[in-house]
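First comes the structure, then the notes that go with it.
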Amino acid sequence: MFKLIKIKRKDLKPGEFVYVGPKRELPPVMQLFVYNENEYFEENPYLFSENIFESNHIHWLNIHGIHDVNLIKTICDKIGLHSMNVQDLLNTSERPKIEENENYLFFTTKSIIDEENIETDSEQITFVLGRNFIVSFQEKPADLFEHIRLRIRENLGIVRKKKADYLLFLLVEAIIDNYYTSIDRLARKITTLEEDLLNNPEDNLLIEIEKVKKEINYIKNKIQPLKDALVRIDKFNPEFIDSSNTPYFADLKDNTLNLLDYVEQSKNTLDGITNIYLSSLSNKMNNTMKLLTIISTIFIPLTFIAGIYGMNFQFMPELKEPLAYPIVLFVMFIIFVGMLFYFKKKKFL
Amino acid sequence: MFKLIKIKRKDLKPGEFVYVGPKRELPPVMQLFVYNENEYFEENPYLFSENIFESNHIHWLNIHGIHDVNLIKTICDKIGLHSMNVQDLLNTSERPKIEENENYLFFTTKSIIDEENIETDSEQITFVLGRNFIVSFQEKPADLFEHIRLRIRENLGIVRKKKADYLLFLLVEAIIDNYYTSIDRLARKITTLEEDLLNNPEDNLLIEIEKVKKEINYIKNKIQPLKDALVRIDKFNPEFIDSSNTPYFADLKDNTLNLLDYVEQSKNTLDGITNIYLSSLSNKMNNTMKLLTIISTIFIPLTFIAGIYGMNFQFMPELKEPLAYPIVLFVMFIIFVGMLFYFKKKKFL
Amino acid sequence: MFKLIKIKRKDLKPGEFVYVGPKRELPPVMQLFVYNENEYFEENPYLFSENIFESNHIHWLNIHGIHDVNLIKTICDKIGLHSMNVQDLLNTSERPKIEENENYLFFTTKSIIDEENIETDSEQITFVLGRNFIVSFQEKPADLFEHIRLRIRENLGIVRKKKADYLLFLLVEAIIDNYYTSIDRLARKITTLEEDLLNNPEDNLLIEIEKVKKEINYIKNKIQPLKDALVRIDKFNPEFIDSSNTPYFADLKDNTLNLLDYVEQSKNTLDGITNIYLSSLSNKMNNTMKLLTIISTIFIPLTFIAGIYGMNFQFMPELKEPLAYPIVLFVMFIIFVGMLFYFKKKKFL
Amino acid sequence: MFKLIKIKRKDLKPGEFVYVGPKRELPPVMQLFVYNENEYFEENPYLFSENIFESNHIHWLNIHGIHDVNLIKTICDKIGLHSMNVQDLLNTSERPKIEENENYLFFTTKSIIDEENIETDSEQITFVLGRNFIVSFQEKPADLFEHIRLRIRENLGIVRKKKADYLLFLLVEAIIDNYYTSIDRLARKITTLEEDLLNNPEDNLLIEIEKVKKEINYIKNKIQPLKDALVRIDKFNPEFIDSSNTPYFADLKDNTLNLLDYVEQSKNTLDGITNIYLSSLSNKMNNTMKLLTIISTIFIPLTFIAGIYGMNFQFMPELKEPLAYPIVLFVMFIIFVGMLFYFKKKKFL
Amino acid sequence: MFKLIKIKRKDLKPGEFVYVGPKRELPPVMQLFVYNENEYFEENPYLFSENIFESNHIHWLNIHGIHDVNLIKTICDKIGLHSMNVQDLLNTSERPKIEENENYLFFTTKSIIDEENIETDSEQITFVLGRNFIVSFQEKPADLFEHIRLRIRENLGIVRKKKADYLLFLLVEAIIDNYYTSIDRLARKITTLEEDLLNNPEDNLLIEIEKVKKEINYIKNKIQPLKDALVRIDKFNPEFIDSSNTPYFADLKDNTLNLLDYVEQSKNTLDGITNIYLSSLSNKMNNTMKLLTIISTIFIPLTFIAGIYGMNFQFMPELKEPLAYPIVLFVMFIIFVGMLFYFKKKKFL
């Protein structure tokens, strides 16, 4: 689930950039949205030019599929991306982070891919925010941004009235919204585990618990640095984000804190389930042992008595007494009943 | 118990606000208190106007039921609430927090709903503090503020002599006071668990312990961010809170620290109970095994001896000896007593 | 042991102050010491006046018994105590803390009441330090300050040469000195537990361990915030404490750090004892099971062989062989000895 | 694996420097690269002179083998290394760290030596960065820098266009890249352990788990202070690193954070495996005990009944009844079947 | 091992200073070294005068044995030591710390006394550093400073060229060097424990583990505050330490960090050993139970069958069949072999 890949420089030709991630077959897809409050075009993304810095429209270039390294390189050159950042966005095992310089704000995040019955996975989405443009780099064709495109196209909401930073907010929010879906699914799994625990705790319950824990840790691992990045925005107020829009980003930060709260709470719950499960193992063992002890403790001495009178000595005077048999049976009965009382008193029964 | 809900933007129409929380049937109820040191009115809340900013009375608009989104929206517009804050207050799974801008201080908290025999739950209460007004948004009709209304109405105490920030203090204090009730109930539960542990530890004691732990974590989860918010007030001294009133808020902060101390102490106690419970399981098992071992170790060899003389070989000279039987019985007795001594020495008995 | 009480405002009449703590029957006792380097009076404490601020003597008003709310209120008014601080000092479950404003330094602490065979308890002692006065509020008649009174009366040491801040140091030091007594007692308890563990670990050893842990946590709980308060003095250098006297308070801070070190060390030791105890349980169980297994494994097969020849079939040719019996006995002996060798080899014996 | 060595001053002659580390036989090897954008020489390293400070070439002196203390001392004197730093670089158990003064930046790191089937080990590599030179000190002949030498020689990439700080970046990056190899190997080990756990958990699985944990801790132990050093560069912006090159070092810092994330994740996974393993032990024990209990509980009472009728009393009327034998057999059968039902109901079977 | 002693003021006469520590019989020994780059005297320590502040020699007064309170007091008065610091140095359970005022730097440390086969203990060593003097106070005659005296006497190294701060560095370094000896000894102990664990884990292995843990915690407890003190020097740059000498103290700080790293690593290793030991207990128990279960499960049913045919009913037709006996034996054999197969399949054997 958690893979850590890095292309080592010694395996790279100088000046070479390498895509690091799962193999992708499909050709990359690009879209270029150019808009301001009054106008909206969907332009040929290959026309995305180097003078976007001076335009008075917002440009949003969205790229699905970062495995076409040449294409990515061309675009990155146009927006003057530092070579380290180019390699960062090509490496899908990069840590979520935020970096700012005089030309752009570089923001790398993980988007959870959450489908029922499939192990949680994630996609890396990188944003480069300039004064009037955003370039977003995604690994895969499908994405979470359809509703944002609709709003831009049909001029819904305030997105067209706002600058590129508000668009960044919408994009990151869509990614965070998606974490809530995962958290929801895990919450349901945990509830199922809690019920299983009380109804019929199977031997492999712990394996299930540890699986969920692993998924939660996976998600935490993605949210934690995302939160750190958002806290940085909150604290240092980067110049590419207008101070009138900081409440939006503060809200995103609160969302990640909320998610981390939940992660914490879930882990506590899972620890609780584990404790109960383990002590139920001990209790079961205790009960098994009690049963064995009761039966053995009662019948082993009785069998011994029977064994005595099963001996074949010629001179055993009791054997000839007519009352001996009923007396022995009675003594056995007394011992039996006495034992039961004893176990009752000791709370064994 | 812990639910994490967030309305995703893709499920929202642009500009739409959505109430997120348990379904509520009752129509919202509002009250508007207008007062200063000399006067006091209870006005029609629908007359709550946009020029409250200039009034020289304190206005307290109290709203029970935030599920009527349109109403909420109208009021929020009047006080110029940022759209993010509007959505925050409508989402009942929001994290307690404090935010300040030039127009108002936005303060979201959780109020514990604590009724015996019902799982701990909470209600979201949001305050918007302006220079001379407070708007308070509550989920449910009943509330914790009745004693404050009385003080305002009958001009008791200093509330009418003070500004809106003091009213905010009273409101938040009422919420924190209520946490003490929950903590009290849990303290009693823990004491019961401690007594149960020593008197008759049931198999499901651990389940009870984990339940209480869960409730404590739930409360901690609410107090922690509330404390953070109050620490922020203490540290950054927001302009909507007069510096002469900061001791009041410092006191609230101390109260939350006190509560968190108690939470910590409770968890330690519960961990102690858990340890004792688990080791008592081991001890019980040990005792069961000892009993089994004593009985088996004594009687299995004796039964074997009896078995020897129960064999039907024709040439077993002992069988014909008149003293053989009493001698065997005596040997058995010696073994029996010897075993008892052995167990005594080994501290088994 | 740990009780968390707070008077809720809704249960208070406006302007009412309430004593929160264990019931006290005795009337409060007060003493007023007025002194400077040359003079010393013990004045009628009811003459403690509102113009102490201008006096050039040091005034120390010591009050035992804070349950007489009216009296407390009168005194607090004279020194201009903020109403929140008045309620703080009346509430005996308040957290140790320090607060400063332009008129006084408010310092609340807990004093450990430590008597052998009694559960650790604590008393709240509050100091209000002005430029030339201290008012100290204690819950109970007996106190830890007798040696300080003596020094003032008889002009021993430098206390009469110093200002009120030095007196505060002496008072707080007396309280901290007393923690060392508790820590000492617990250290002895822990040593006893360690010895018990090695000599004869009783079933309820863990209960004893957890009791000591609880007491240590209790003490930690009191020292931690006291340390925080003293760190604040060290850091922010409040104006009521002359900079020439900060070494004294720095020393108190070091003492609390020392105590906390010890608390940490004690907890580690107790965890170590717990580990050893729990593993000794497992070892005991292992030994019990070994004994059972050895006896059963040896005699159950032997008994089976005896059982074979105890069967009553008419055609069992062995039974008629004169050597059959000694041969069977010999075989049994061989099995017996072989088993013993086997267990020896497996390190069972 | 983890060794902590320090030469004590009392064992040193004054002014003496001592190599502290594993014994090395080979003579040290040195290379001196002198280059700028246009030129490149490989000079006699013994000509490395004291006026490198004024040169307008970049000088990279690379030393393999720091056990020749005299040689090291001579070079250190030329670059004016503080005597503490000289001893630091000679002591191979030094902690990774960064120190700056007006003459140079001193940077000590650990390079992981990771060969399959050999315990993880590490080599100390120290860099001294001046305005236009780097001296790198390595313990052993082989190194990780071959690709960098190639780039300098053949003027590949931008290394010759950049200053000495960029060369430092390349060197440190090569070391960090190598950590990824170790992490990769451990990841594979952990996956193997996870599979072993589910397929056939051997008794010594925990020993394997703890071995991997130890290796992970070893690596963490090296990365943690390296990260701290890189964070210092990020924060304090040392003057020997041009601000245009800080993105490179920021990237290295992110790499170490990434590695630490993975270390954390691995430990969580190993804890999960441990939990499952331990509970599987309990489950196995439970199943063993169940089998024993079932067999004993069924047959011990039946054997007792058989024992009754094996007694040799003369007056046992049942013995003479023709139907007695089948009846007893039937009763035994009923008991047998009843027991099976009971165990079925109790979920023993 | 860990003792926490404090003389309470109420037990002190005013102005009295008390030595707190183990009883010492020997009279204190003092040495006074007076030196500068050119000269060196060993003066009568009783001539150590009050005008050392103006001298242009470095004065090092070394005192072994702080139990002679009057002597100590006399010396402390000469250097103007604050009364709190006097008491600090007399109390051997003081926490390592650093304090600075306009006259001196006060530095208290613990020196580990580490002899094989003796429990780790420590001695308090206190330094008072003035502009041109150091007074060092030690508990015991023998010390770690002999090599430093030699260097001063014979003008070896740079000590005579440097000021008193460099001498302080040498003294503290000697103390820290000594911690490495202890750490070394513990490292060897841990290795022994690891080997014991794999070869023959004794029942009391855990007791040994906990003993080592206790020693490690003891050392950690001493190094932690020492590190804090050295970090303070690094951060605040006290005026008594010349900035040209800070690298020396930075190096000491690094040494303490290194020691703490090792302490952490050791604790992890010990936790690993504990885990393996505890799971080996479970495994042993499992194996014991398996043996018992196999033997019981095979022979108890067989014995039952033998018991059947040992019954004395008159009408048991099988008994008269000539083939009955061999058939029964054969059936028993089949059951025996079947059971073995079953256990083989279940991996019991």
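Going by the order they are written in, the chains are A, B, C, D and E; count residues from 1 in each one.
Everything that follows uses one rule, which is that a contact is a pair of C-beta atoms (placed from the backbone, for glycine too) under 8 Å apart; a residue touches a chain by one contact, two chains touch by 3 or more.
For clarity, every value in this text was computed on a predicted model and none was experimentally measured.
Shared contact partners of chain D and chain E do not exist in this assembly. By the document's definition of touch, common neighbours of chain B and chain D comprise A.
By the residue-number overlap criterion, the interface of chain A with chain D counts as different, with under half of its numbers used by both chains. Separating the CA-averaged centres of chain B and chain E is a span of 41 Å. Averaging C-alpha coordinates per chain places the centre of chain B 25 Å away from that of chain C.
Shared contact sites, meaning residues of chain B that touch two or more other chains, fall at 282, 285, 289, 292, 296, 300, 303, 307, 310-312, 316.
Viewed as a network of touching protein chains, the structure reduces to one closed ring of chains, two contacts apiece. Going from chain A to chain D and on round the loop of contacts, you meet the chains as A, D, E, C, B. Contact residues of chain C toward chain B in the complex are 2-6, 8-10, 13-15, 82, 84-85, 88, 93-95, 97, 99, 101, 203, 206-207, 210, 213-214, 217-218, 221, 225, 274, 277-278, 281-282, 284-285, 288-289, 291-292, 295-296, 299-300, 302-303, 306-307, 309-312, 316, 318-325, 328-329.
The touching residues of chain D, counted against chain A in their complex, run 144, 146-147, 151, 156-159, 170, 173-174, 177-178, 180, 183-184, 187, 198, 247-248, 250-251, 254-255, 257-259, 261-262, 264-265, 268-269, 272-273, 275-276, 279, 282-283, 285-286, 289-290, 292-293, 296-297, 300-301, 303-304, 307-308, 310-316, 348.
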